[in-house]
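Please read the structure below before turning to the comments.
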Amino acid sequence: MATTDEKPVPAPESRFTVSPLTLAADRWMGRLIRIGGVGVVVAVLGMLGFLIFQVFPLFVGAKVSPTSSLAVPAEAVAFGEDEYGEFPFVVRRDGSILFQRAKDGTKLLEWTPALGERRVTAIRSYPRTGLVFLGLSDGAVQEVRVVYRSTFDDAGKRTVEPVVTPLEPVAIGRAGLPCVDVWDAKGPQSRLLLVRQEEGGKPLLTAVRLTERKGLGGKGKVTVSAPFVVAADAASVDQVLLPSTAESLLVIGRSGEVRAYADDGTAFTFLQSFTPFKGAADPAVAAAGLIFGNVSVVLVDRAGAQQVWSMYPQLQPDGKSLRRWGKIHEGEPLAGAGQGIYAAVGNKCYLAAAAGRLQLINMTTGTVRWEGPAPAAPLRQVAFAGGYDRITALTADGQLHRWAIVDHHPESSWRTFFGKIWYEGASAPAYAWQSSAGSDEFEPKYSLVPLFYGTVKGTFYALLFALPIALTAAVYVSQFLRPEYRQVVKPVMEVMASLPSVVLGFLAGLWLAPLVDPRLVSLFCAIGILAPAALSAGFLWSVLPQPVRRQVKPGMEFLWLLPFLALCAWAAWQAGPAIESCFFTVKDTATGLPIADFREWWRQTTGATYDSRNSLVVGFVMGFAVIPIVFTIAEDALSNVPDSLVSGSLALGASRWQTVWSVVVPTAVSGIVSAVMIGFGRAIGETMIVVMATGNTAVMDFNPFSGMRTLSANIAVELPEAAAGHTHYRALFLGACCLFLLTFVLNTVAEILRQRLRERYKVV
Amino acid sequence: MPSLMTPPSTSRIQVRPAAEREGRKDYISIRDYGFWYGQKKALEAISLDIPERQVVAFIGPSGCGKSTLLRNLNRMNDLVDGIRHEGDITINGRSIYDPGLEVISLRRRVGMVFQKSNPFPKSIFENVVYALRVVGVRDRALLEEACETSLRKAALWDEVKDRLDDSALGLSGGQMQRLCIARAIANRPEILLMDEPCSALDPIATGKIEELIHELKEQFTIVIVTHSMQQAARVSDRTAFFYLGKQIEYDTTEKIFMNPSQAQTEAYISGRFG
Amino acid sequence: MSAPSDSSTPRGEAWVWFSGLGLIVGLGMVIGLLSLVFLNGATVFWAPPVPLAQLDDGRALIGQLAQRRIRAGSPADQPKYERQYQVGLRELNGNSYLWVDEVRIKAETFPADILGLERVENGPAFVRPRSLRRSDGQVVAIAEPAFEAAFQAEVAAAAAVREKLVEITRHRIGDVNAAMDRARVGLRRAEDLKLADEIAARKAEIAALDARYAVLQAEAAKVTAGGAVAALVAQDAAGREVVVPLTQVIRAWFPNRLETWDRVKLFASRLAEFIFDEPREANTEGGLMPAIFGTLVMTVFMSLMVTPFGVITAIYLREYAQQGPLLRIVRISVNNLAGVPSIVFGVFGLGFFVYVLGAPSTSCSSPIS
């Protein structure tokens, strides 16, 4: 090695240093990427969190807080108020009415009745309608109308002026006997006034009808019918419940017997009698109240036991179905003897007072939405405000108590969505989803159980079609098909995945269902013959002598199978009508003649329905959505089994099928399970096909010829119309939340299973 | 002559005297055999006879076609596309390309052990009795007997007899290869093909397997492909040397290694190439 | 223990054939569906010969055959058929389509002078032309040899008029209207705030725009009048006279005179219209361009916004994440995002993006607690 006088110039150290730009870029990109990666978790959790946040208010109870307490004359026995509660009035025992300002209690107006010699012996106030009824000492009743008139001055300030208009007293009860109690109700044709008097120690109930005929000028003429006695057959009268619509009457006797009468237009006819607390030590009814809608009544006994009775169709001994009263709920016992049941307006909640406690209970679900202390003094009258935001109660010590209610979803609780509820008017408790109907008094039903059932049903039928096809196709394509065909066949199968589900749903509902409907038996024959035909083709081939067998090259079986299957399917299709007339002939209900119709046969034999848009059609079309996913993943899993295992098995003399069955499939089972699970998840969430191809009826049966309503289809159909923030809207969000959690659990289980199986069948 | 249908005996095989061991000289007979992968000619004019119950080694540099010829003996190359052959291979007088012979029937007679051990992801027991299940043996007692016999023959019984139901993938490399050998002989094939069975093993495991081959040749005709000439010298009775798809020399091992007649053979043996 | 002979079938071969069934059904489903969609769709654009059918009650109709089906209630062994013809001329016939029992059709001919028209309003028309009134007022009868050339020329000229009219009304007048709206809003605001000079400026602007509007309107009227002259006088099957202003005609063809190649060209032209034009007549005619455009825009937007996220997450999972619970959580989250049904995303989108993010600009009176 030659030496030089000069030392070689060393390369600059800078070749080892990294430029600061590269370092910075690395650092910032690293941060960005970490944020992005974790961002996925944030996205998923955020979505779930948002859904739960929207759903959460459904399960929060009511918040009832006392707001104010207004001092009123101690002799006040009834009250009323305006819409906002700003100017309440109380009615004194003598019938005079005092208006006060709620803000400061100052007097606004006082009115006294001009009755001459007659005294006021009974008072009833209906705050909702602004009517006060004064029962007089001679058996007459005076109606006093209270109207709040608002005027606006120039500056826009509002002044409210109550106007009290008394009407002419109407003679109702037995002349000379004082009224003990008075009620008013408004029926479809006329108003009803009911009066209770005591005659010789026995109660006497008399009623009149007031019909108002409106003249052309607007002023009407009121005709008063002749007084008629009601409930004369009642042994004793403890309480009387007259619903505001006057169609029925409940008289509760001292023995706890409830006698129900129905208004037939002229008088009240006896309908039925029941003793709700028959078995108890003290069967007397301590408190009773009708619920909004006037179809149900809540009864509480002296021990605090609660029952709800309602009018619903019951099968009579003569086979007819008539609406009668029956017990629909047995509520949670109250703290003590019932002191009062006060119904809310606009929903099925009520306030139950017992033993110094107040409970706000929803009648339909039975949940106690709030519980709190009652005022010390006995309650004289309690009324809910129309907007379900306020409770006002008059107590015997001259106080008008007020509570504010915050309860946006009175009808919702866990039971509403997942339990069996006996809705008003139904003959039995049921799981039902019915979010809207024609009338205002309809009670929406939000049970998610029929929707879960529908989801399971849809998924079952979808997988019933899809899994056999996809898995067998995957086995054939990965193991037996010639490799050059595989390159063509695999993309064609995967084209199925690119078909939009809207198109599939449209074709299913509008083309396939009507097409299949009259030819069902032929279709079943044609499809049903495929599997046996394929198997028998295989067996046939295997018993042929070897020189003939050799004509079919391995990997080409499906080309030979195709014409054979087509022939068999065609033959089965042609034979369909013959088979139908052989097995499925029934008597046509319309003409009486025997006809060969599978649909009619199904209806008559099983009693179940037959819809043309049924689960079989939906299941078949959902196959288009599920098959490509399962096929692709399963095929990949099967292809990834190492060739060394396949060679090893073949070298031991195993046949193709034995190799596949004993070695390949067990090795690939983790991938196959994964494929099935993912297909499962897709079938659960499939929306558009179900929406368009089923009848979307929320039925709970496994009849293959009826429709279904799935969670996803339900959301798609109803969410656009649901008012934001209302119970319906949040119920749909709950459905979405359930779907999310369902697929979450499914995916996680699938992942764990896949890991477990991969460990077990790990190949070196 | 052991046949497929005789139930396996449980006694260890006795080493029979050489005279009794002599069998057919042309048990496997390869005549003018040529083989193509598509357009590429892999084998040309191979002609050799493999006698019964002897060990024949195929040696040669990489790509010389020895593995291809081995794989053709049980028609494993049928799995590859576009292959073509000329000439014939007969086993015990019957051509393996006879149209009346199902390939899987051939493969039951001709077992194979691969270069890289490939136990199935099943238990050890299930691996060994796989070939018996494939032919339809269900009797548990029979299967257990056969399992024990094969594992003893493969010199693996003592090591695994307590854990037959454990996964076969938990064995060491050498144990796995011996398991594959046990699996291959469980259904008593007449011929055993071994494609570089020790190339992935350490010397001790290799030694065990070479011992095994000595014992197995009492019962089986063995053809072994090896890239180790020392192994061929130790183990085989006859050796064939291949180069570029052609058969260069085929003779007794002693002759090949001591006194090869072809110059190429001599060059390969002395390590000058390959 | 069975004894397989050397030439017997390998076991389980029948099951290999059975698994082939799955493949056949799968392929059949795909190919069947695609064929169904394409065939049904493609036949819509094909222009077959149009017959003149004489019915047994003396009536005649000219229409393109649309459907043929078995009459409801006809006996199974002797099915009776009915045919649906697209007769067009909705303003005269009430309905574009007509069902006729097959037995009532006495004779069917294919006169060469039947003309098919696709129109802007009232759907198609199948008529027998009598004469053409050109835009210069001259009348050309059907018998004259120059008729067809003149007709096609007039149709082309009318199309140009139509386009010009669209340009004037939709674009230029539209712009004027939009500016007018803005000016009026500005005027209102100025009046509220009592800014005198602003008010004057706005009023002047509105006056100028009004003048411009009048000019454009006059121009549009002139173009309309100019195009109104050219018309086709024809007769329908019942002999009633039909006058079709040529500005109404989008496409005209003689269905019984076309060669196959011409029909193919017509097919291609209709297909192109379907893909590239805008819809007419409440989405029953014309093209799908807005829908296609919307789909493409949505897809492109979505891809642009989503691809970086996906790639970044993948890079993170592979390169940056350390083994451990966080990695598993991220993987599970990705799997869940993939597996969540799309309706849940829709619900989230509605609840969050529309009602929460979009709420302040709209009045939302219901409580969202």
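For reference, chains read A, B and C in written order, and residue numbers begin at 1 within each chain.
One rule holds for everything that comes next: a contact is a pair of C-beta atoms (placed from the backbone, for glycine too) under 8 Å apart; a residue touches a chain by one contact, two chains touch by 3 or more.
What you are looking at is a predicted structure, and each value in this text was computed from that prediction instead of being measured.
J.: State which chain is most central when centres are taken as means of Cα atoms.
T.: Smallest centre-to-centre distance to the global C-alpha mean: chain A.
J.: Between A-B and B-C, which chain pair is linked by the larger number of C-beta contacts?
T.: A-B
J.: Can you check how far apart chain A and chain C are, centre to centre, with Cα atoms defining each centre and the answer in Å?
T.: 40
J.: Just give me the whole-number Å value for how far the CA centre of chain B lies from that of chain C.
T.: 71
J.: Residues touching two or more other chains, restricted to chain B: which are they?
T.: 100, 102, 104-105, 134-135
J.: Can you list every residue of chain A that touches 2 or more other chains, as numbers and ranges?
T.: Those would be 546, 655, 658.
J.: Listing for chain C: what residues touch at least two other chains?
T.: 7, 9-11 - these are the residues of chain C that touch more than one other chain.
J.: Inside the complex, what are the residues of chain B that reach chain A?
T.: Those residues of chain B that touch chain A are 74, 76, 79, 81, 99-100, 102, 104-105, 107-108, 111-112, 114, 116-122, 130-131, 133-135, 167, 169, 176, 180, 183-184, 187.
J.: Contact residues on chain C for chain A in the complex?
T.: Of all residues in chain C, those touching chain A are 7, 9-27, 29-31, 33-34, 36-37, 308-309, 312-313, 315-317, 319-321, 326, 329-337, 339-348, 350-352, 355, 364, 366-369.
J.: Where on chain B does chain C make contact in their complex?
T.: Interface residues on chain B, with respect to chain C: 5, 100-102, 104-105, 134-138.
J.: Help me check something: in the complex, which residues belonging to chain A touch chain B?
T.: Within the complex, chain A contacts chain B at residues 483, 546-547, 550, 642, 644-645, 647-655, 658, 662-663, 666-667, 760-764.
J.: Mind pulling up the chain A residues that touch chain C in the complex?
T.: That would be residues 30, 32-34, 36-41, 43-45, 47, 50-51, 54, 57, 408, 468-477, 480-481, 489, 492-493, 495-496, 499, 503, 507, 511, 530-531, 534-535, 537-539, 541-543, 546, 549, 557-558, 561-562, 565, 623-624, 627, 631, 655-658, 661, 678, 681-682, 684-687, 712, 715-716, 719, 723-726, 732-733, 736, 739-740, 743-744, 746-748, 751 of chain A.
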